[in-house]
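Take a look at the structures listed below.
Both complexes below contain chain A, partnered by chain B and then by chain C.
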Partner chain A sequence: MADDDEIILSELSDDELVLQMHDDLYDGLKEEIEEGVNILIARGWAPYDALTKALVAGMTIVGADFRDGILFVPEVLLAANAMKGGMAILKPLLIATGAPRMGKMVIGTVKGDIHDIGKNLVGMMMEGAGFEVKDLGINNSVEKYLDALEAEKPDILGMSALLTTTMPYMKVVIDTMKEKGMRDDYIVLVGGAPLNEEFSKAIGADAYCRDAAVAVETAKAFVSRKHNRPNA
Partner chain B sequence: MADLPAPLPDDTVLTEAGLAPREGGRILLIACGALAHEVVALIKVNRWTHMDLQCLPAKLHLYPEKITAEVARAVADHKAAYERIFILYADCGTGGLLQEKCKELGVEMLEGPHCYSFFEGNAVFAEHLDSEFTAFYLTDFLVRQFDAFVWRPMGLDRHPELRDMYFGNYTKLVYQAQTQDPALDAKAEDCARRLGLAYERRFTGYGDLANAMAKMAEA
Partner chain C sequence: MSQDLLSRLLDEREWLMADGATGTNLFNMGLSSGEPPEFWNTDQPDNIRSLYRSAVNAGSDIFLTNSFGGNAARLKLHNAQVRVRELNRVAADLGREIADAAGRPVVVAGSVGPTGEIFQPMGTMTHDLAVEIFQEQAEALKEGGADVLWIETMSAFEEYAAAAEAATRAGMPWCGTMSFDTAGRTMMGITSAGLAGMVEKLPAPPIAFGANCGVGASDLMRTVLGFETTGTSRPIIAKGNAGIPKYHEGHIHYDGTPELMAEYAVLARDAGVRIIGGCCGTMPDHLAAMRRALESRPKGDKPTPEDIQAKLGAFSSASDGTGDTSGDPKRERRGRRG
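After this line comes the complex of A and B, so read on.
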């Protein structure tokens, strides 16, 4: 998008730098993003502002263009990798300075499935949106999910699957939660390429999230509703 | 009665454009372009001259959400010209939507989640699902079209650094060989090397595809 051979990030105004960082995220330029984040912090920006205004806003553009078929998976991965670089700098600062917390999510790919690209994107965007994320990784059994729910007490359980053969395992997890009387204690969001809304309803999830941006918006809406409940 | 199928176009055509049906048979097989060689081989060896083959572009596999609509369109286009139509797709990442659509249209499709399941045999594949979920499978077609189906769409030609983001959780590449072809074997092994995975060759032949087509031929 940008002819960045000529651009010296440190010479840009704050507004210009943020826009340039959106371009650099779009182009998957990790080093430039790390440099941009460091410049913003050195200029006295709150880490939370750097996260939301530079990284999350930039990644939102990437997500929208992915949804619209303008960008494809490789470009999104490069952008995510660049954002990860910026997040690595900001994370300790966010912990030190405090930032608004939206809620907590436990997320993992289901048993028998090793695909984690979508799950990782969701985790990263959720963190960017102010959620604390406990990532269980890949190939999670029902026991591992339930142990994490007990230990982490999250607001949200997120489950991901890429395969037609593994997505039914989400129902195993939800049914076990029902058996143990804990289903209604959590918001259950599901996602993955072969899933759809009908499947989500059929297995008793709260919502199907077709991409990371939708996951964030859905999570915010559900958490807000949960917190507004009289007995929540 | 129709003739045996004419020679197939090259794999690039099967990937990008598919194959129009050669009319004259009473049964139409609507198949994924990735199965064209195997389907034609089975038609020829069994002399199922009453079966015509139409292939949808194999590249639909890169966009599984489009498969159901394309299959439905092909059925609608040819319904009037054939006594029976069969769909040579497994679920293929449609999440059950293809199966629902086939039921609605009154046509049968292949059983199983993917071609690499029915080539090995769905029952056998299901048996080792729990122990082999870190395997990445290639068939004859996918070995031949590795760059078009894997390397380039994943951007690995431009960004090889993405390889481990895609394949870091895989441990081996299993080449399910439909034919005995040392050149393909060598190419598959090279694919494994490029992906940084261990290599295993497993001869499957045509697996459940042969049985399913034999039943369709009798319809």
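After this line comes the complex of A and C, so read on.
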């Protein structure tokens, strides 16, 4: 690209910079996102505003195009990686400034299943939306999920499976939670390529989330409902 | 050099029938979710023999070994990465036993599924490591007596190519299918026409290529039509799921009936597919209905997308991802940097 086309981020107005950061997230440009975040902070932006207006709004566009079959996993992973770069700068600032917290989620891929792309995207988008996320990684047994629920006391449990051979394991986890009388203490969200709404209902989950963007919307809706409960 | 069994059968016949589901069948025999099906090769060999035999008895000319997750990257989840050679050799060995007792030529296809890892730069997997992992599996399947290596359910072309290279290194003929489950493309964005073009650029192209799994029989047929737009003359494989998974009375049930799968098999043959089978949810009853239909119903015209939707149900997405506009952002972009 010719030098004339080079955009100098620090020369852009706030509004232009935010729009440019949406594009740079879309293109998965990590260094540019880090630079953009630093500029916004240096200009006196609240970390929470930088997070929501630049990063989360940008990832929402990525999420929508992923949902619509315009972007695919490779592009989304690059975008998520760029977002991660920005988040690394913002995270300590968000904690220091006491930015609003949406809630907490424990998330992991079920036993026997190695796939974690979707789960990682959900985790990242949830963090971007202000949730605290504890990622258990792949291949989680029912014991590992329950231990994490005890230790982390989250609002939400998220389970992911990509294989038809592992998706029934979600029911094993939910059934065990029921046996222990703790099912209703948590919002249980499930996702993964072979799943559908009907499956999530049949196994006793609260909702099926078809992609990371939907997961965030669903989590927000459930958490606000939970918080509005009189005795909660 | 003598011709491999699969190539010989393809020369002799218009179509071959492959098998159906592995996981769904094993669950019905009591496999519990989360456990690696490959362990049953040594722990419950009679169940694996039954699985293979059920496909042969239902009329399959080809069946896949119970080794889909039998690579070191997958078995590592169960601390069984040291058992790659054993589990794959036995998977093929049991297959050889059943095929040789069939009384007709039946191809033992050594199933090779994805590692589950993402390739660099997005992930950590490298080409060399993937080839090494697949080669270990390929050699064990060969040792057990597999006729052909059957690479399946791939979503990244890098991984497909690495598995192909491993097959060649192991001295095995191979076939390879991808799963087109995301708005007509694979999860990593490969289109049907893209795969058809890419296999021809491999140093040792497959005997046959195609699609498996994905989102039901209707989408799978659309993918087949996509392969054919490239004018490929290479044999095409169609192994579609028997509908969509539903949770029913404690187990996963696929909503596609034997009648629907029979319809799908005939449409696939009419579309020019040479190797026709099922994937998840396809049980012996489905296979038997497919075989009967393939043998009894006269060949028809190549189906159109409309014919497919009328007979098998609606596609899951408006486009199959092969159009020019796909992959381009809809919105106005500002300057692209970098």
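Miscellaneous remarks
The rule we apply is simple: the second predicted complex is superposed on the first by the 227 of 232 C-alpha atoms of A that agree within 3 Å, B and C clash if a C-alpha of one lies under 4 Å from a C-alpha of the other, contacts with A are read in each partner's own complex, and residues count from 1 in each chain.
Rule of thumb we're sticking to: a contact is a pair of C-beta atoms (placed from the backbone, for glycine too) under 8 Å apart; a residue touches a chain by one contact, two chains touch by 3 or more.
Given the structure is predicted, the values throughout are model-derived calculations rather than measurements.
Aligning the two structures on chain A places chain B and chain C in clashing positions.
In the superposed model, A:A99 makes contact with neither chain B nor chain C. When the two structures are aligned on the shared chain, A:I138 is found in touch with chain B and with chain C.
In the superposed model, A:H115 makes contact with both chain B and chain C. In the superposition on chain A, A:L77 contacts both chain B and chain C. Looking at the shared chain after the overlay, A:T164 reaches both chain B and chain C.
Between chain B and chain C, more residues of chain A are touched by C. When the two structures are aligned on the shared chain, A:E6 is found in touch with chain C, with no touch to chain B.
Of the two partner chains placed by superposition, chain B and chain C are both touched by A:A193.
Residues 72-75, 77-78, 81, 112-115, 117, 138-139, 163-167, 193-194, 196, 199 of chain A lie in contact with chain B in one complex and with chain C in the other.
Chain A meets chain B in the complex at residues 28, 72-75, 77-78, 81, 112-117, 138-139, 163-167, 193-196, 199. The touching residues of chain C, counted against chain A in their complex, run 23-24, 27, 33-37, 73-74, 77-78, 115-118, 122-123, 155, 181-185, 187-189, 244-248, 251-252, 280, 317, 319, 321, 326-331, 333-338. Taken together, the chain A residues at the contact with chain C in this complex read 1, 5-7, 19-20, 23-24, 26-27, 29, 32, 61, 65, 68-70, 72-75, 77-78, 81, 110-115, 117, 138-139, 141, 163-169, 171-172, 193-194, 196, 198-199, 202-203.
Residues of chain B that touch chain A in their complex: 64-65, 91, 93-97, 113-114, 129-130, 133-134, 153-156, 158-159, 162, 165-166, 169-170.
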